[in-house]
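This report concerns only the one structure given below.
By written order: A, B, C and D. Residues from 1 in each chain.
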């Protein structure tokens, strides 16, 4: 049966690599719909190939692995929605955006559940008929809290976790369960501000631009590979609160954009950078 | 001798096309540095391949033509600066931008000469040691004026003509000498305004955005394939003259961006659209 | 009792106008919190003054009218949420955005009801507990349809109508009931495209930017005073459908921005332009 | 004789301040052309008033000082071009932009001279007939170098110094000679990168946005009040060198914008922020 698949490949570049891959797809009777490659200046190769065909995928994968140089990472994904769990705290802006998109089938993902350390957003999630898990962090050590979350996640087995304004630090131990599978959104400033109440600091510094960054989470929170960024202009007449409002609008737009890229298998991660094909 | 070349290819899509092209390059010992393809929804194929190697280019081109399906357009360009002639009238903003870039070798082009129907900008061009041809349109029919220009161009034989705020309508006859080789820049508005003094009209209509469009010139002036566009925000407190100033800044930035794409052989034209690889 | 009010004033400029207004506010013991003026190049004066105080508003208005030159338009609004009715057809993107903002009290307005010529969006509106009026246009003349709508509006008596992707032409007769009180959102392109399926036309023309315009509705639909505009970059690889998706995101952001300005009494209308203070 | 002046005023807010100022201008027969005020949330007042009239400026200033509450800063500037000296090192992009604008009288300033610690840009400056002072830092202590510069500046007595990519740290001692009168431009990133070769760092971090910030220089270089900022989108396929090119274009646009604001007396400085009226 004809189906759309996506081949993702990365590794050290070799002369003739595109030729070899396209030859094997051709010989397996697959029709390339879209092909994107990138070779980094240091000679690392990335390729994303969308193709249609009737061949057996595992057979095709076997042929690729056998015939291509060793050292390449190869995956073939069927083109389908990703299973995700959202994490939130009290802010609704990113959650609301994702729920509306999901309700009208525009998210390229299935929201299996929403997990929160507060019950503030339960009514909103309830409107959309999605399970809401209130897992308070109170009276729990960080480890106990994360274990409770992991037990819940075990039921859903999501492919991606989306931190849609989840205001808890997560441990490297927790991250290690979902390598390159946790996506976070946070505000961004020029220059950067560290510590509490960054919009207040941005206001006091008189910045003319505020922004948002969506990124994968690795052990350094806020330091994983960047997926998408955008900014909006501000001026002196906007209060710290106005800036926070505009910042939230930017966050939700940037998170949506980043998720679309990730859920469409367009994002590679290499040495703490993303390559988006 | 090793040299960088760019293969440009477009035509109806066929299964295995990327495979065939990459195979032939591989067999001719060429190393692909960067490869970009695009297949339109209607099944038209575009490919741009940068490669390094020592093989004979005409031999390679012959092999491609012989082995690939008929109906494909194939070109192989050496990676080198384009020869261009600039056209201006009285406004200096685009010209100044291009001259400064050229003076510091950032234009990816050689400015052979500047042609103008006024002598207003002769002093500026003179500072940079570039020939300036003042070819007045006064007391000449449009045909006589264009013939005088063509005679001058005949000396320089440019690959591209850049209309850097050249405020004369050019005839289809003139355009036919330089198919897809004339680039123009003009202001753009939402909504569009036709007729004299568009900034005045934009002001009176209270637009919140003004922009610029760089495009190839075909028989419908201002209607050829779009290469680049950008906009800037404006508000009620800006006069028509303020808007014109901001519009000029946008024009020069958009023209520079478009020229960089064209001069790097990144722009295909198909059915009045550009495909930028 | 201390309350925040907004004085809105426009008319032909006179020397000393700001002085007279601020004097009267001072003598009535009002404290100016924020004051913005603008004088157009043709000598028309606009002023928006936010002030706090305990004085009697009608007395203050009387004093202003008596002491200022005749020919000025004067209004004093209490700072409060506007009552609005939303109009939709089948597209959910603007509606969803407004409902989420409303649910979290971020809209500066009370949504009294949603009116639609289809029942497609009834389930979404129902989640938020807002009355939904399905008033089909089928088997009705345009006049009959608008009369049915007017009867429904008569119950709610809204200050503003928001056409949040309402895909019906409305008559000058209907507009005359709500002068400068109907706000519309539509997509915008450089250049403009007229007729059916504009995203298809934009795709075929290869535009590099798509945008949205929010504006008041007057007798020329899509031609009333512009309140807000924004654009997003696109490229050849995006299909007409991708462009439509991005266009919808832009529409919802621009509509939200425009409504915030209108609902905060920041928008003057003069000769088909908006002055935003 | 009728002349345009600009009154700049800032200080603690008082009830009736706008009223008092506009009254005094009215009594001195001055006609307000444009008036902008801002009161910060903490109650600090800023006002910029453009006015035309025939009265004696020093008399007017005396009246304002006598009648307004003490503690206000008051200045009245004639509307005229500022005298500036530019500082550069080896990069031409900002300098070229300013010279072209200056050559066509679009800078709102007179460039008295260009000072550089290298002679690289002397030929470019020479084309425009402006004095170029090559003051090498080699074999000089920082103090000796700055003293040599100060001696040169003493000849020109500029109102503003523009660091148009001047790659030397300047001392607090030097800055103290020109309080709030030195303007700098530098690249900006989300997140910020400290140390050598920031474009390389931005590339390695995979940022999706690069920007530029124009600011006044105080004792913390790169930390003075921000005047203007802007950003451009980048992606993985752009090398560190591509990013640097785009960054330079952004720098020159942001610096031009900032200078226009400063040279038009539109920028107040308060507690390390700018208020732009």
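Keep in mind that, in the parts below, a contact is a pair of C-beta atoms (placed from the backbone, for glycine too) under 8 Å apart; a residue touches a chain by one contact, two chains touch by 3 or more.
All values reported here derive from a predicted model rather than from experimental measurement.
Fewest steps needed to get from chain B to chain C, stepping only to touching chains, is 1.
In this structure, the chain pairs A-D and A-B differ in their number of contacting C-beta pairs, and the larger number is found at A-D.
Across the assembly, the mean Cα position most removed from that of chain D is the one of A. Spacing of chain A relative to chain B, judged by their CA centroids, is 37 angstrom. Averaged Cα coordinates give chain A a centre that lies 41 Å from the centre of chain D. The set of chain B residues that touch two or more partner chains comprises 38.
Touching chain D in their complex are the following residues of chain B: 92-93, 96-97, 100, 103-104, 106, 124, 127-128, 245, 249, 253, 256.
In the complex of the two chains, the chain B residues touching chain C come out as 38, 41, 188-192, 204-209, 211, 213, 225-231, 235-237, 239, 271-276. Interface of chain A with chain B (complex): residues 15-16, 18-19, 22-23, 25-26, 31-39, 233.
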